[in-house]
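Here come two complexes built around subunit A, the first alongside subunit B, the second alongside subunit C.
Coming up: the complex of A and B.
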């Protein structure tokens, strides 16, 4: 019996191989090769391409641990990731709920499009539009002063909130989409059953809907947290002088200082930290989900 | 516990009248079946009573108290859904206890009530399982336990046995009936299955296109259908159409059929007669003539053997009649055989055309 099952699954795998092959080839070429090159670089003293003499070293990793600055920046980036993820939950989950459970037909499609739109617009365009809105004398400042009777100065540009606003705007569609999918899979009759048992809407949300949409929340959080921790574009453009984060330092190593080995080492440290965080969080999240 | 009164209830979706002036009195402690073809408004009616949807006009009272504008969570009803609608993120016991815990009852009280409800549906040992670890019939029992644990005033069931196979369905029918008797709760039961409606309920309401066609005890609807639709929808019926003579009808070919039951109609109007297939006797000869009996001649076109009984299809004058005969093993009629059909006027119901 067991043997039968085993042969069955093996032959299933064999027939699936031609289907899987392109994907694995692509993964090997597009991700694995560059990534292993980067691992290689991170243990070098110099980039071999520059023609200078090079040798293997652990110095790049040692730099991270010997300089408190990197730690501070990493913590700041982790905090940024956490805050952006929380804001995405706060904004994205109710939006997903309304999309999945309140709106129907045409209005749902229209709102869906509005949510997805930032997804389809160029990242730089998106960020510079925010710059125009947030700076002093910009759209927000002018508009508020036009309605308010007293004079106020709104200059959010080059500040921490500006970075948060830009990042939340870029990443909230992930949360909306993942939560929308799990919320939509919740049968309406579950909600009706709960209400017929005397539960208020709030009780239903707490006891049934949020627990059942946990997988979407977790997936969305993972999709947002990881890239935000390493982000550099929004911090740089919207954060200005305050926008120095772990991600911008890595970017500097690659495009400004041309210290690729250090940049690569810092990247892998970030990857390791993120993986450790996800691993530590996963039992908690799995229980919640 | 309480009765439910529905009066002149109407509900439209756009131009479509899903419920059209429906009035029914659901007696306290009774078991009421709502029967009707797909799209006839059964679910819509149940949802108005539950409070998931609100009528355009008409009144709904539970235990004498008008509830038209009371939201579902305040109506104190118990509902069982066709797809069970158990919360997949909770254990069986938590599912059953849900209605008590949202009312903030003490943990010990909840545990006791949950155990009693689970014992009632004979699932006392499965409280720790998750819904996906149960069979269809077990899930249905959990859904039932969950609905009754809060001691609702009315139990509403929308095709609760629809997803079960035949054997399990019969078991659950008996079980459901036992539980209903035990707690004496007013029960409104939507079903597609006429046999289920006949065997389980004290009263049946037949809906068609949002209107209540006929309402009454099962025997009354079966023996005295008031329309061709009621006659053919609940059970099988042979329908003869013609003109009334006062005591029956005359078929277009001149044959008279005497009717001992049903409407009183003025002679000369169009009308029909309904006869149940099991009320007709079939024979190869005229036998001892009974002057009162209705008599028709025909030819057997088909015989379907079904174990305890056989169904004969008899052709006569462009019409195929259905006759069901208990298999006594004495006589079997062959296809093509000329036969005589006889039945009493008491078994013939006169129905106004329409």
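Coming up: the complex of A and C.
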């Protein structure tokens, strides 16, 4: 009996192999190899490419702990990640609810299209468009002053809010899509049952809808938080002199000073910190989900 | 049965691609330079291609480090590379560039002797770089913000320009700029604390850090800045080509001067084409056209500068002996210095948060 099961599953694996192989081959070549090369680099004193002698060292990791500025930047980046995620929930969740439960047919398709539109445009184009909107004398400033009776001066460009706006715009579709999927799966009869038992709208939201859509919220938050903590393009272009974050410093190490070992070490520290945060949060999140 | 077929197919593909590559590289000159910096002007490429039959393929870099990385990781791809003289030493030490036979470059004889003989470009009698243009990292102003142009670097610290000042996001340039502001030699900064204090007090003035010509021009076009550090050639281009209200100021305290030169990478496939291209780039005819149509830094070729109108900025101001006395040419920087400068610069940027 046991032997039969074993042979059965083995032959199942064998027949599945041709289907799995392309994906695993691709993962190995495209992700695992470069990533392990980077792990290797992060323990080196010099890149072998530059033709200088090199040896193994832990100095790159020590640099992170010996210099306060990397801590400061890492904390700033984590805060940025939290704020952007929060705004994505605030904006994305209601939108997902309306899409899943209120709109039907054509209007749903149209709104859906608008939500995923940012995915179809190039990231840099999006950022430069924001630059035109946010600066003093830009589109937002001019439009508001044309409508409002009093004079206001809006110059959000090169500031922390500008970075938040740019990042939220880029990442809010993830939140809408993941929440939409879980919200749509909620059986309408559950909501009707709650209503008929006399639950208020707020109670319905707190006791039925949010708990049932939690997996989507959690997935969306993780999808947004992780890349935002390491982001560098939006802070650099929109943030001006306040736009220095952990991601921009890593980029500097790779692009400006050709110190790949330090850049790689900083990246892996970020990866470790993010994994620790996700691990610490996972019991809470699992219970919620 | 299947395997030989596959092998044959793969071999055929490989042969086919290599034949294609060979055919393609035969008359191509691959040039690595900053974008929008002379070598990629369509009219210039067309003229060069017509005369020599070589096809020009441009590739670009955004920082000297990126240029070195591209040379390291693509040996044999480039035939001509534009290198700031201060980096020539490093490129040569890493065996990225080869000695140049200047007898094949007729215009080389007209390059002013102080540039051609620069110890940064000539080692053991072998030329590793052909001087092309030189220029300044000085100040540029938004003409709308000034009735009379300022004369001192201290204008950057003037309260009136708070939040309307820009400097380049580059550690070396920032430190050297700080050295000039504190009256020090840019190639031998003794008092780093003074530079740090000076730059710290500049930070609240700054709107944002620029990294490309386009950043700078955009900010002036939308009237967001009054004054900032800028390259002389770029300021000229902003005025001539983009018709922006920009003018260059060479402060009394001095300015950082740099020399850009062309080199031929080790393993270049088309050395003859590279020599022809370099010769064309330092030719007076190309230079005058470049200055008139687009705006450019000062040519290292004395005959090319002499071919400009007498009142041209690059001849009148940049050729002024008084300016020559004030400017300091950038010398090579060691890796240790570069890392120290970057650490200082990053600290300054983090502290403004």
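The rule we apply is simple: the second predicted complex is superposed on the first by the 281 of 289 C-alpha atoms of A that agree within 3 Å, B and C clash if a C-alpha of one lies under 4 Å from a C-alpha of the other, contacts with A are read in each partner's own complex, and residues count from 1 in each chain.
Here, a residue touches a chain if its C-beta (ideal position, glycine included) is under 8 Å from a C-beta of that chain, and two chains touch if they have at least 3 such contacts.
No experiment lies behind these values; they were computed from the predicted model shown.
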Overlay on subunit A: subunit C relative to subunit B, clash or fit: fit
Subunit A as apex of subunit B and subunit C, Cα-centre angle in degrees (nearest 10): 150
Which partner, subunit B or subunit C, touches more subunit A residues: C
Touching partner for A:211 - first (subunit B), second (subunit C), both, neither: first
Partner chain(s) touched by A:66 [first = subunit B, second = subunit C, both, neither]: neither
Partner chain(s) touched by A:158 [first = subunit B, second = subunit C, both, neither]: second
Partner chain in contact with A:198 - subunit B first, subunit C second, else both or neither: first
Touching partner for A:257 - first (subunit B), second (subunit C), both, neither: second
Which superposed partner A:15 touches (first subunit B, second subunit C, both, neither): neither
Which superposed partner A:136 touches (first subunit B, second subunit C, both, neither): second
Minimum C-alpha separation between subunit B and subunit C after superposing on chain A, in Å: 44
Common interface residues of subunit A - those touching subunit B in one complex and subunit C in the other: none
Contact footprint of subunit A on subunit B as seen in their complex: 50-52, 71-79, 81, 83, 85-89, 98-99, 102-103, 143, 146-147, 150
Parts of subunit C lying in touch with subunit A, wherever the complex brings them together: 62-63, 65-66, 68-69, 72-73, 94-95, 170-171, 203, 206-209, 222-224, 338-339, 342-343, 346-347, 349-350, 352-353
Contacting residues of subunit A [partner subunit B, same complex]: 187, 189-190, 192-200, 203, 207-208, 211-212
Residues on subunit A engaged by subunit C in the complex (per definition of touch): 49-51, 67, 69, 72-73, 76, 135-138, 157-158, 239-244, 249, 252, 255-259
